[in-house]
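Shared chain: chain A. Partners: chain B in the first complex, chain C in the second.
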Partner chain A sequence: MKTLLNVAVLFLAGAFGLALGWAILDLPVAAVNLPEQLTAQLDMSGVVHPVTAVLLNFRGYDTLLEIAVLLLALLGILALPRHVSDHQHRPFTANPVLQTLARVLVPLMLLVAGYILWAGAHRPGGAFQAGAVLAGAGVLLHLAGLLPAWVTPGRTLRAGLAVGLLVFIAVAVALMAQGTLLQYPPGWAGALILMIEASLTFSLGLILAGLYLILADSRAQA
Partner chain B sequence: MIFDLLLVAALLWSAVRVLTTPDLFRAVVLFIVFGLLMALAWARLDAPDIALAEAAIGAGLTGALLLDAVAHLHKKRQEQSP
Partner chain C sequence: MFDPIPWLILSPLIWATLAFVHGPGQGGRLPVAGLILQLALAAMLAQQIVAGGVRVYAVGGWGAPLGIDLMADGLSAVMLLLTQTVALPLVFYARAYFAGHANSLRYFWPLTGYLLAAMNALFLSADVFNIYVTLELLGLAAVGLVALAGGAGPITAAMRYLLAALLGSGAYLLGVALLYGVYGSVSLAALIPLIAADAPAVVSLAAALMLLGLMLKTALFPFHIWLPPAHGGAPAPVSALLSALVIKASFYLILRLWFDLFEPITSVAAAQLLGALGAAAILWGSFLALRQTHLKMLVAYSTVAQIGYLFLLFPLATGVSAEVAASAWQGGVLQVVAHGLAKAAMFAAVGAMIIATGRDEISGIAGVAARLPLTLFTFALAGVTIMGLPPSGGFAAKWLLLGAAQASGQWWWIVVMVVGGLLSAAYIFKVLRQAFLPVEETANFKLLPRMLEWPVLLLALASLVLGLGGGEVLSLLGAT
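Presenting the complex of A and B:
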C-alpha cells in the first residue's frame, strides 16, 4: 500500500513538473518590454539600482503590503498562548568563547547591515537583506546568552516593530494629495526612499528576530 | 560550464537528501546547504539581489528557526519517553 502511494506521489510530482516545464516553454512573448521601460524611467526613481527602483518606487505598493504581512505574522505569534515563567530573563549558561565571539561579531554585523542598506541605492542590497543581517545579530546575541528572550514586549519594542510600516504609510498618505499612491516627486525620491528603507531595515530586523526571540522563552518552558 | 553542471548536480542531490533523510537534524543541515547552493545558483544567474536574500533569509534565518524547532522536538520526545 505504501509503495503504491509512493509511486502515485512520484507520478503526480513528475506530471506536475512536466506540466510546469511545458507551461514555461509555452509562455507568450511579453507584450511590453519591461526592462527597457525601467531603464528609460530609472532617472526619475531617485536610485540607480533597478531592483531597488522597482521595489521601493515603481512597485512600492507591493513592498508596503509585504512589510504589513510580516508584521501580521509577528502579531499572530504574539497572540499565541505562551507560558510566561516567574523567573524570566534567565540567561542560560553559554560558553565564554561564544560570548566573546558574539561581542566581536555583532558590531561588525551592524556595520554590514548599515552598508547593505546604503548600498541598496546603487548596487545589490537593500532593506530586506540588511534587516535579515540585523535579525541574525539578534539571534546570535540570544544564543550567546547576552540578550534575554522577549517574553512580554514592552511599548518601546512594539513601537520599533511597527515603525517601518508606519513611516511607509505616513509617506504614502503625505503623497496622496497628488492623486496617485506612492508616487514620489522626482527631486525628493532618493531621500524618501532612503528614509523608508532605513525604518524598514530597523523594523524588519526586529520582526525577523522576534519570530525567534518571542517564541524562544515559551520553547524553553514547554 | 563544468562548475554549473556540478552546481546543478549538488542542488538536486541535496534536495533529494533533504527529503529522504530520516534524521531531522541532518535534514535541517542539508536544507541549509541547499539554501547556500541555491544562493550560488542565483549569483551564477546574474541575480545578486535574490542571492543575497536567499543566503540571508532562506539559509540563515530559516535554518536557525528549523534547528531550534528540531532541538525543541528532541527535548519534548525525551520528556515523553524517559
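Presenting the complex of A and C:
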C-alpha cells in the first residue's frame, strides 16, 4: 500500500515537473516590457542600480511588508513557549584560537557590511546582503564564546530588532504629508533610501542573528 | 479628500511594531485605539466607494506595471469592514481572556497586529506578487498565534499549519512566476486584458497552481485536515480570528482570480468540481462536527462545513444567466460576512464557557443555561446563523444561493444545502441540549468578567441583524 502511494506520488511529481519544463520552454515573448520601463525611469529613482531601485523605490511597498515578514519569523520563534534554564550565564569554554580569529574577523566583517550597504546604490549589494554579513559576525561571536545567547530579548534589543521597520514606516508616514504612500520627493530619494537601508541593515543583522542566537540557547538545554 | 487606503495598512503595522517593542504581555491599549480608528477608516472608504466608485491608489506615485497599485471596490470594502468589525470586539474579549495570564499572552498583540495589517493589505492589493507578500505575512502571523497556546498538541498543529500554508503560498508563487513569464507583468490591471486577449495553455497551468494553493489555505475539502487541530487548539480569541477572518482572505483571492483575472479561461466543468468539493465539505464537515466530544473541535469542524457553502458559489455563478450569477455572487459574499460574524461569536462564546466550567468537553457544560445565560444566548444566536434560520444573515445568504440553484436548474446543490442545514442544526442542538441539563453537584462555575460576554453578544447580534440589513451590504458590494 505504501509503495503504491509512493509510486503514485512519484508519478504525479514527475508529470508535474515535465509539464512545468514544457511550460517554461514554451513561454511566449512577454507583452509588457518591464525592463525597458525600468531603465527609462531609473534616473528618477535616486539610485543607479536597478535592483536597489526596484526594491526600495518602484516596489518599496513590497519590501516594507517583507521586513515585517522577517520580523514576524523571529516573533514566531519568540512566541513559542520555552523553558528558560536557570544557569543562563554558564561559563563558556571556547577555543582561544577561535576567539582570536573572531576578534580579528568581526571588525573586518563590520567594515564589509558597511561597504556592501554603501555599494548597493550603484552595484549589487544593499541592506539584505549587508545584514546577512552582520548576522554572520554575531553568530561567529557566539560560537567563540564572546556573545551570550539571547534567552529573552530585553527592550533595547527588541527596539533594535524593530528599528529598521519603524524607520521605514516613519518615512512612509512622513511622506504621506505630501500625498502618496512612499512617494519620495525628487532630490530626496537617494538620501531617504540610504537612511532606510542603513537602519534595515542594522535590524536585519539582529533579526537574522536572532534566529540563531535565540534558538542556540534552547538547543543547548536539549 | 482624505484617503483612508494607506492608513488602513499603516495603522496595524504601527501598533503591532510598537506592541512588540513594548514587550511580551504588554501593549493591549494600542490595539483598541488602532482598531477604532481602522473601523472608522473602513467605513469612510466604503462611503467613498458608494459615492464615487472603484478607487485605485498608485503606491510611490509610479503606477502599474512599474510600481504597485492598490485597488478598492465594493468587495474589498465589504471585506475590510468585516475584518475591523470582527476584530474590534475580539480585542476587548482578548484583553479579558488573557487578563492575569500575561505569561500565556506573550506576543499576542504584535502577532494580531501583523495579522490585521496583512489582511487589510491583501484586500486592497491589485498586484499578484504583492498579494503573495501579504499571504506570507498573514500565514506566518496565523501560525505564530496558533503556537501561542503551547503544549505538544498546539505546537504540532501549528507546524502542520505552517507546512500547509507554505505549500499553498509556494504553489501560488509558482503560478505568479509563470504569469510573469508569459505576460511580463504582475499587475492585475495589466494582466486582465492580456489574458482576455490571448491565454496559452501555460496560463491554465498557472491558474490551477494559484487556485490550488489558495484552496489549501482556505481549507476546502480535502485540504481541510490542518484546520481542526489548528483552530480547535488555539486560545479562543485566536480561534475566532482564524475561523472568522483568515480563511476568508484566501477565499477572497479565489473570488478575485476566478471572476476577474481568469474569467476568460474558467469552465463550467471546473466550477462544478469546486462545487462538488464544497458539497463534500458541507456533508463531511457537518458529520464530523456531530461526532466531536470537545466544544472547540465541534466548532472547528463546523468551519470546515461552512467553507463548503462558499464554494457552491462557483457552479451557481459560472455559465448561467447574469441574473442568476448576481444572486449567487451576493449569496456567497453574504455567507462570508454572516459566517465571519457568527463563527467569531461562537468560538468566543465557547471559550468563555470553557473558562467558566474549567472543562472543554461537551459533557462538561451541563448547567451553563442557568449559570451563563448570556453566553449561551450568544452561542444560540450564532447557531441560528450557522443553521441558516430566518431572520439571520446565514438565512439570507443560503436563500440567495438556493434561489440561484433553483433558477439555474441545479437541484442537486439544493439537496446538499438542505441536508447540510439539518446536520448543522443537529450539532448545534447537541451543545444546547447539554447546556440545559441541570448543574452537576461537583461543578464549580467561575464568575466571568463582563468583557468575556458582552462584546461577543454584539458579534452574534450583528450576524442576526445582517439578515435584515443585508441590503446595505449588497448595495456596497454592487458599487462600481
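Definition applied: the second predicted complex is superposed on the first by the 211 of 222 C-alpha atoms of A that agree within 3 Å, B and C clash if a C-alpha of one lies under 4 Å from a C-alpha of the other, contacts with A are read in each partner's own complex, and residues count from 1 in each chain.
The definition used in the following text is that a contact is a pair of C-beta atoms (placed from the backbone, for glycine too) under 8 Å apart; a residue touches a chain by one contact, two chains touch by 3 or more.
Bear in mind the structure is a predicted one, so any value in this text is a computation, not a measurement.
With chain A superposed, do chain B and chain C clash or fit?
In the arrangement built by aligning on chain A, the partners chain C and chain B fit side by side.
Just chain B (first), just chain C (second), both, or neither: which does A:D26 touch?
Second partner only.
Looking at chain A, does chain B or chain C touch a larger number of its residues?
C
Based on the superposed arrangement, let me know which partner A:A132 touches: chain B (first), chain C (second), both, or neither?
Touch partner of A:A132: chain B, not chain C.
So in the superposed three-chain picture, is A:D43 touching just chain B, just chain C, both, or none of them (first/second/both/neither)?
Neither: A:D43 stays clear of chain B and chain C.
Put chain A at the vertex: what angle do the Cα centres of chain B and chain C make there, to the nearest 10 degrees?
The three centres form an angle at chain A of 100 degrees.
Thinking of the overlay built on chain A, is A:L211 touched by chain B (first), by chain C (second), by both, or by neither?
first
Tell me, in angstrom, the smallest C-alpha to C-alpha distance between chain B and chain C in the overlaid model?
Nearest C-alpha pair, chain B versus chain C: 16 Å apart.
Which residues of chain A touch chain B in their complex?
Those in contact with chain B are residues 51, 116, 124-126, 128-129, 132-133, 135-136, 139, 208, 211-212, 216, 219, 222.
Touching residues of chain B toward chain A in the complex: what are they?
Result: residues 48-49, 51-53, 56-57, 60-61, 64-65, 68, 72, 76 of chain B touch chain A.
Can you name the residues of chain C that touch chain A in the complex?
My answer: residues 6-7, 10, 13-14, 16-17, 20-21, 23-24, 57-62, 65-68, 106-107, 110-111, 114, 117-118, 121, 129-130, 133-134, 136-137, 140-141, 143-145, 147-148, 150-151, 155, 174, 178, 180-185, 190, 194, 200-202, 205.
Where on chain A is chain C touching in the complex?
Touch list, chain A to chain C: 19-20, 23-24, 26-28, 30-34, 37-38, 41, 57-62, 65-66, 68-69, 71-73, 75-76, 78-81, 152, 155, 158-159, 161-162, 165-166, 169, 172-173, 176, 180-184.
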